[in-house]
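So, here come the structures, one by one.
Shared between the two complexes below is chain A, which has chain B as its partner in the first and chain C in the second.
So, the complex of A and B:
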């Protein structure tokens, strides 16, 4: 099965507001989710200036934006996509 | 021809084993307007703090006299008269070498008691144009050697304390008289042959380490080596921040053309501009992250040395330069930027001035300065503390 693409924004705002704690997410995932994602860091997605969005840090899972991203939110989204 | 040259003056030293302070001292000064480069190395009598005070007094006075073009004999006499008298030896003493390098003109070297300097053009030793020995009537036992020489582009001057030339003294038949000036020169020639572009710092460090090694990795005396290298400047560019006007992006990105080894991109949006214009993408390696790293990871972008985050990284670089922090203690991005800056002579900053509104969010946990302010501070620190030439262009 093709791995899900998880992209973590490493721009200034995202990094300071929590992306730094997400960079090691691959090793911290619950065992059933490990190996299901390919994790990548990106320079800046430019989402921090989008007033429509809820706030940094931002990650994208298979292109879907997760706002105010936390590890738990990411795990939930991975589960959702895996079940779909 | 000379106006485009850079004079790289660096040194490396080891403190005598068991001492808290180095008894050798070095001071350097660049008088840009006069195209003069001054350097003084002094070896204080004895070792430790007392020797350091003598050496530091000597370098401070000598540098000031050089700067004001004071007569050589008068300078030397004033220095000798001013030094405190050693309780043990009943003499006031600090040996020294004074270098007054003039771009395109005559370079003068005055030595008292220090090993003779070495001038190398590639691997070849160059003899001085003129050499004269003067003796002060007040200090008749001291000889002052005065040399005049011509420094050509690519030439190196090596000046050291006797801790270098006397290293290994008594360590077997090979070093009955120590490493000596001839040994030091042969070693320098060998190093230059292996790496004709070797930097002043690398050569000074290598010579000092060799002297240390010859003494079986202990220092029986303070070891100091200074190298002055006159060469074409090594230029690097740091691009940071998106331009204020979006239609200037292409011209801005065009400045990243100095070659892979000489360009850094600092900033996510800046990297995006480069990606868009060059069609290449940034790849960030997160496998080498250390837990608790305070700076975002470094990215690779073909055509430049590295792509890093912007303002956090630059602020950290600025603090480290201003406080002379050891680079080894910094996260990778900060360390790599500073190492690259120190390997170059001229640093050109290409700075986009568009403000990222998201950085003004009060919920951000740290103060974020405006980019141009941080760059001005980095530029000042590089100028003043590291004698680097800098240039800032705003977009």
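So, the complex of A and C:
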């Protein structure tokens, strides 16, 4: 099966607001999710340029944007895509 | 994940910088509290109005004022902003403190105490009762009860209860403070005692309400850069552990902010190593028994305030920051220098030692974020000469010792090196120092780092 593409925004805003903690996500995943994703750090995706900053840190999973990304949110999305 | 306090602090910094670059800081500041906590929104504290008040005080600190300076509650942020824009130099923290308690944010946590929770099952064994050295626990109506007139808060009962029913509550700031500088005044308000505070930043890092604020100089740096002044950024070696991308990419990113030059503080660490090794050799050959490092400003401040007779053992070699500034001023005469690092105590040292500004790593990254500069998209910076690996390692515990040993290595010594380290200052460190001074703990070279693990784990580190 083709791996899911997990892209973590490492633009400075996202990095400061939590992306730095997500870079190591592969080693922290529950075992059933491990190996299902290819994790990549990306330069700023330009999503944080709204005045509110409200969505940072941003992550994309197979192109789907996850706002205020946390490990749990990412796991849920991975499970959702794996089941579909 | 980063926690709510850290998120709010950083979010505010980024908004602040964006508004500065948009030229709308003065007009926007008073809108921030409302925009960030609009009427329909959730609140983090009791209500949005409380949240807004705390945001206002945080912005005051970002402008370089401490909450304690407030004399007029109705004064607008725009008015503080005008004053900040007009001042020529940032607030002096050499005698005042860089840290202050934001009363509106402080939860005024009840004093530390041992409490029996609802999990108590009134068991037959009653290990709590039997383990209490003061006979303070008895069982009333099938539930253990503490007589607080006898309890000495030793916590022995908390360890023996098989139901984990007894807990010792703590006051995080007081618990984190190594010198007992933070306490409640008679009105129950938390205060920092200037005569005891060593600006280590532990309370700042540990308060779950994020009520300890740091007086910022970021606006002063932004102003200097905007006015086209010659400013050299001196980046502490702890930076390497903070970033995505390389240190060379980070330097390019920093230069894009408008700094005239970017240099490694590790170059100054090379000078410190060399001089400290020489000083150590001289002292040992003169028959002295102990020398300690001096590059951690919180440690030196602790000795000055609590153990002045120990100062004779502290190395007189200047810190890497001071040597780096000398280099910068030699290369670019008339320049201003800004130290960028993870440390609160450096703000005090800088203020006393003629360093123009200090920025925390968080503030630096907020400036980069506010100007949309992406570290990992930057080309590598051409360093005229990368600093020695041993000097870059100063930011880690035992790094200074290793550098000094390496520097001593080429000589045949008539004394034997016995290096020890205090890795993280806590409430017991003062007695440790006394033991080293009296010779009860053997060592002739002692490295002291206030933050466990070294500067890489500093209170303003991005890793937090």
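Worth pointing out:
Here is the rule we use: the second predicted complex is superposed on the first by the 79 of 84 C-alpha atoms of A that agree within 3 Å, B and C clash if a C-alpha of one lies under 4 Å from a C-alpha of the other, contacts with A are read in each partner's own complex, and residues count from 1 in each chain.
We adopt the following convention: a contact is a pair of C-beta atoms (placed from the backbone, for glycine too) under 8 Å apart; a residue touches a chain by one contact, two chains touch by 3 or more.
Note that the structure is a prediction, hence the values are computed from the model and not measured.
Of the two partner chains, neither chain B nor chain C is touched by A:73. With both structures placed on the common chain, the touch criterion links A:39 to chain B but leaves chain C unconnected. In the superposition on chain A, A:24 makes contact with chain B only, while chain C stays out of contact range. According to the touch criterion, the shared surface of chain A, contacted by chain B in one complex and chain C in the other, consists of residues 10-13, 15-17, 19-20, 23, 41, 43-44, 49. Contacts from chain C toward chain A in the complex involve residues 1-2, 7, 10-11, 14-15, 18, 35, 243-245, 253, 362, 365-366, 368-369, 372-377, 462-463. By the touch criterion stated above, chain B contacts chain A in their complex at residues 267-269, 271-272, 275, 282, 284, 286, 289, 291, 293-294, 296-297, 299, 307, 309-312, 356-359, 361, 363-366, 368. Within the complex, the chain A residues that touch chain B are 9-13, 15-17, 19-20, 23-24, 39-44, 46, 48-49, 56. In the complex of the two chains, the chain A residues touching chain C come out as 10-13, 15-21, 23, 41, 43-44, 49, 51-53, 70-71.
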